[in-house]
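Chains: A, B, C, D and E, in written order; residue numbering restarts at 1 for each.
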Amino acid sequence: MHPLTFILILLPFVAAACCFWTVSERLRSYIVLTTGGTLMASALLLTFRAPFAFSPEPVWGLDVHDAVKIPDFLLTALILYYGFRRRSFAVIVPTAVQIVLMLWFEGFMIEAPSVQAFYCDNLSLIMVLIISIVGSLICFQAFAYMKIHETHRHLPESRQPRFFGVMMFFLGAMNGLVLSNDMSVIHFFFEATTLCSFLLIGHDGDETAVRNSVRALWMNSLGGLAFTVAMMIIYRNLGTIGLQQILRTSPGAGLSFLAMALLCLAAFVKSAQFPMQSWLTGAMVAPTPVSALLHSSTMVKVGVYLALRLAPVMHGSFLSHCIAIYGAFSFLAGAGLAVGQSNGKKVLAYSTISNLGLIFACIGIDTPESITAAVLLLLFHAVVKALLFLCVGTIEQHIDSRDIEDMRGLYAKMPLTALIAVMGVVMMIMPPFGLLLGKWMAMEAASANIFVIFPTAVGSALTAMYWARWAGTLMSDPFAGKFKPESQPPMTWGVLVSLCAGAGLLSVLSPWVYAKLFTTSMILHYTPPYVLHDGMLENAWGVFAVLPLCAVAVLGFLQSIGAVLWAATGARVVTPYLSGIQTEEPRVFTGPMNRRVQAQAGNYYLSNLFGERTLTVWINLAAGVLLILIVGGTL
Amino acid sequence: MQGEIMDIGLDNLLGETARIKVEGYRFVTISCVEINEIRMELLYHFDRNFQLKHLRLSISRDCRAPSISPVYFAAFLVENEIQDLFGIRFHGLTVDYDRTLYLEKDVKTAPFCKFAVVEKSPVCEEKTP
Amino acid sequence: MTRTIIPFGPQHPVLPEPIHLMLTLDDEVITEAVPAFGFVHRGLEKLVEIRDFHQMIYVVERICGICSMLHAMCYCQGIEEMMGIETPPRARFLRVIWSELHRMHSHLLWLGLFADSFGFESLFMQFWKIREKILDIDEATTGNRIIVSVNVIGGVRKDLTLEQTRGILSELKSVETELKRLETTILNDYTVQNRTVGKGVLTAKQAYELGLVGPTLRASGVMQDARMLKYAAFDDIAFTPVVETDGDCYARCKVRFREVFQSIDLIRQAIGKLPNGEIAVKVKGRPDGEVTSRVEQPRGEVFYYIRANGTKHLERLRVRTPTFANVPALLTMLPGAGLSDVPVIVLSIDPCISCTER
Amino acid sequence: MFEKILTRARMRSPWMLHFDCGSCNGCDIEVLACLTPVYDVERFGVVNTGNPMHADILLVTGTVNHRNRNVLRNLYDQMPGPKVVVAIGACGLTGGIFRQAWNVVGGVDRVIPVDVYVPGCPAKPEAIIDGVVMGLEKFMEKQHVDIS
Amino acid sequence: MIRHGILIAAALIFGPLVGGLISGMDRILTARVQSRIGPPLLQPFYDVIKLLGKEKVVVNVWQAFCANAYLTAASIAVVLLCLRSDLLLILFIQAVGSVFLVVGAFSSTSPYSQIGAHRELLQMLCYEPLLILVAVGVYLQTGSFRIAAVHALHQPMLLKLPFLFLVLGLVLTIKLRKSPFDLSTSHHAHQELVKGLLTDYSGPLLALTEIAHWCDTALLLGFCSLFWATNPIGALLLVAVTYLMEIWIDNVCARMNWRWMLGYGWGMGMALSLVNLVWLYAR
């Protein structure tokens, strides 16, 4: 297990350095491919090893805690430097305070911590799998993407070495974060991801990119500050900064809920929950692989990961209830804002916020069922959302727009990508796919709480609305004769297809994924809430027939495809109904003055109901109140 | 015929119309009558409390008439109709169907004319008022 | 805001007749409405060259099937004025009776279609059920349901017997009671009011300046009704126009609904005062000169300009139908309305496209 | 066997599309009147679909003019087979009183094939219903045509 | 296993059959309300058989996919109802059908079809949360989302969930496309959107959507019947009364617009559910 852990954490760092110094594109692609492949293999191998905990032998008298200390300071100092360089007061102040606090903590407070440096249970394992497999796939796709991206932008010299360097570095940092047990080590990786995010958002270097990257940086450094303070309070109260040690304290034994609240605050910031969502929506200026990797499937998941870790100790507390309501609210608000968007990436961003909110709600409810829901949502959301992001990226490079309106009838232009995107949408909202399984669990678990179930119910309807609208828009197209997939670099379609297939397969296997995660070694020590038999997940009050439904879905799918073939061969093709004045061109009718007019139907974005500008103010206000409630309630 | 009839020329049509509007008359319609090979007659009918007033404009077939639709919006429809059916062109129409209100694209004739049915491009313009 | 462009018509289930409206919408709110015509244009006015002035009655009756009687009446009155013919009093009263019956069936038809335009199918059925009674009267008295063809120059072709007048009065009685029952629904129902009140508002000034006519104008508070010209027998019949002031679709509905009762009243008066005597006079000579003639049709005032040259063929027949005058109102009312209000607003002027284009 | 059931179903479920081609409204409103309580053509399964994609029977009233002939053609083409066209009224048959007007093409059969002619000016609802029922019988002949 | 097989087969056959019969009865009753005689009882079946035998005319081949998927989802939902499975799951699957119907309508470029699709989405937006809340009410009453638990009750749920039953009635009105909610498409075509989202479904595909709609009807009425699950006669009576109310509402209302629907549906539905749920929680 030691080598696997080290490979997972250190190999990306080495690869990052190599990428950074490699000019040759071919060599760089080999580096990334090898690293990605190794990471995937190691992550898969790790599944057989978990759970475990260990500390490596000190090298030259330095254990992991000490080894990270200096880089941690360097990293924070680097953030401070960027704060000065961008002249952002909002970055400088929290970072400076953070450095001072850290100096005090490391210098005066902490004594040799005797905690294990690394710890891996099923939760970490899921995160590692997501990071290593989905992350690597995204990095592969980034090759094809960045090539076109840079051609579009006519850069004098390629910035790809830096880009891939940061991406690789990020993978290592993420693996480190989820495998660490020592909170100060986690803090180091936490800050590292912030920095990576900052660098990647600002990658294109234009004005909006820089502005949005600074916004992401200051918001996240607030999170970092909250994390530091929480760490100090915990150490003062409990005398340890090992996560497992904290979790083992029985509730009420000197555990400070303020610290928990602060940690949750840090988690909310990382997961871009309201009212700190604007950094994530701003981050959409980054190249799409970045959005896919950092801002949907991995980095934003750090927040829910942290909260999940802490869930057992918060069980039944006021804080926990507040988080549940806050999460449900976030789910609703995110979905509402997504309805009002026509910018594809923004829809994805809000949908991410919304889904993370749902996960938080599950964590807040804190029953075995809801925790199961949270974990499944986390897993499936990562895969499917990454897929959708990559689809949008690919589409964007073909049609030069990320607006949903411009994707109208995309099926005619790029059938493969359009179909995969529609599949992605289907997997987002429909049974028997994993996300809906998670949502089903979440709703059944939330039913006991009226404050949670109301926003969840409405939010879920909104979610279905904006996804269905998008899927429909992609397919909105006059009759296209035969299915001819567009030509795309293998790196692109390969990744898309494998993510899509992977998500589908994972959905079919979800009962066994559940079994693996919850029954072989219980996640977070919860008793497994569902019984698995005949491929169905059952508990006392509900049953989700995963496997039978999958079987029926496959049959239905095949039959429907048969219908498509039937329609494609035997049917007469007519132009759509246009009040009898259609012309031979599919969308054109003869209008007034004998002009040929193109009929069109724009999507409804209900801008006066779900307009971003007005709605955001109210949502931020409400979320602010809830946050005050969360933090204030613990005092 | 009921009501007062005024003969007017191309140059004072718009002025008269505007005056009539100020007096509170409503627009009723325009009737076009083909007199002979050259002349056409446009009758502008107005109404105020069931009192009719008619402006009679004699116009050469190949002249453009000024449109009164900027004064009376409702006139645009009938002017377009006359354009289509009699071939008299109006300029300054608020909504100009360009002879497609009733006619298909390929029709170059003026279907309601007895004497000279083929449309000619207008050669004379009236003096601008 | 996203743009939507819809071809509304020529074939569209809420439009009984082909007219095309190119609607541009932002989020179901109309920003622009451009109409296209010519789907019904036949060029009837030019038929004066082929048909003589007697035969033209049959043509003008078919300008529009719904107001056919009033077209013919207007035409005949014009020719009569031109030729100096004095129609016998009984014919004038009979014209009033049939024209008001025509107005009733037209308004009932409209009320049904209007109810249908906001999806109130059962109300549509009820109004059309009542309307059948009027058509039965028409059929019993003239031999045809819709195009009654009673007018000739110099009078009418058919007479009413005493039994027939009694029959009409008793039928009207039952029509009146049945209509009273529907009053609460069409005027006071919450859902109906929701769909009609405040939709397609025209102020009195707007309505007047656009040159609107008929119920559309009167619903905006302008008291103008061609029956005030006291043509036919209206000088002997007590008559005050129905006027509403709100100027919205609801007001138009109310005006028409009240006008049905008014028509019942007018018919009763006409039958009560029906003088005895001839129903038509012989016509001699050919028309010459020019004349204008106006009659209040169900949809508003129709304007005929007739020019004759002493031959049996008229020189020019110009018909300005009420819908032709009301179309500009449509273009003023539609922008700003919602897509779901389009049928309601379009129907609120009671469009008759076959009149408009002739 | 299935053919029999199908033909039976077709004859019992004629969905109609009404297109006013330039009629004077006389026949139009009579067509609508067929749907209303006194005549209630839904007894025979007739539904006014208003949409060519769903219709089996096309009821055309009025004369064809130069502009709406394309519309009529379009609507006819959009209807899935087997389909029946019923021309209603004197104008729909020949152009009627309007046939000499300048913008009149003539009867409906100048543009699309007509199966049933319903005379009258305007045609009475009874006649229209009769025409529709006669149209239904055409389905017997058409059962093998039009659909592949 | 055999019992399950029989149940599934029964659901697949009788679901649409019952839905079709109800639709036939609906048409007769509606006609009677409108002083007409109306079509024969089996009219919906004639319609569907005729449609199945019509020429294949398509606008976009994916409509075939969507119509099929709609039918599949709708019938699975009915099957699960008969198997007395999880209520929430059934609702989700039912929603799948609607989504596919909408996507199919989107795939035509006709603006009528697309606007119809949008309105259908708004209708779903209106009724989906309400349906979930009704299911939550059932859960709070029985302690389980399984329909089997409803059947185990000793007294009708209606007594404890009267307001939620009203909410279900509201949903039913929207779902059955009755006035005032026949926004996206309606049974008779006199509306601004022609046939709305069904505009470009034609022939056999339209038949599929029609059968699927029967399934939906059967499903929702089955849901209604759960509120008096203790007694089959009571259940039947409840469903009959509910459906008569629907027909009555359909015939005394004008069609409203979607803004009103969202306002009224959410306002009324949420308020009623809130009252009922709070009462259940408080107990």
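The working rule: a contact is a pair of C-beta atoms (placed from the backbone, for glycine too) under 8 Å apart; a residue touches a chain by one contact, two chains touch by 3 or more.
It should be emphasised that the depicted structure is a prediction, and the values quoted were computed from it without experimental measurement.
Listing every chain that touches subunit C and subunit D alike gives A, B, E.
Averaging C-alpha coordinates per chain and comparing to subunit C, the farthest chain turns out to be A.
Relative to subunit D, the most remote chain by averaged C-alpha coordinates is A. Compared on C-beta pairs in contact, D-E and A-C come out with D-E as the pair having more. The most central chain, judged by C-alpha centres against the centre of all protein C-alpha atoms, is E.
Rounded to whole angstrom units, the spacing between the C-alpha centres of subunit B and subunit E is 59.
One inter-chain figure worth recording: subunit B and subunit C are separated by 26 Å, centre to centre, where each centre is the mean of the chain's CA atoms.
With centres defined as mean CA coordinates, subunit E is found 43 Å away from subunit C.
Averaging Cα coordinates per chain places subunit A and subunit B 69 Å apart.
Shared interface positions of subunit A, i.e. residues touching 2 or more other chains, are given as 570, 572, 574-575, 577-581, 592-593, 599-601, 603-604. Residue positions of subunit D with contacts to 2 or more other chains are 19, 36-37, 48-53, 67, 71, 75, 78, 80, 102-103, 148. Contact of a single residue of subunit C with at least two other chains is seen at positions 4-8, 10-13, 28, 34, 38, 41, 43, 46, 124-126, 129.
Listed by chain label, the pairs that touch are A-B, A-C, A-D, A-E, B-C, B-D, C-D, C-E, D-E.
The touching residues of subunit B, when paired with subunit C in their complex, are 1-3, 26-29, 31-34, 43, 45, 50, 52, 72-74, 76-78, 85, 95, 100-103, 111-112, 114.
Here subunit D touches subunit A in the complex through residues 19, 51-53, 70-72, 74-75, 77-78, 80, 148, going by the rule given at the top. For subunit A in complex with subunit B, the touching residues are 592-594.
Only residues 10-13, 16-18, 38-44, 46-47, 50, 58-59, 62-66, 68, 109, 112, 124-126, 128-129, 132, 135, 145-147, 352, 354 of subunit C touch subunit D when the two sit together in their complex.
The part of subunit C that touches subunit E in the complex is made up of residues 4-8, 12-14, 28, 115-122, 124-126, 129, 185, 189, 191-192, 194-195, 338-343.
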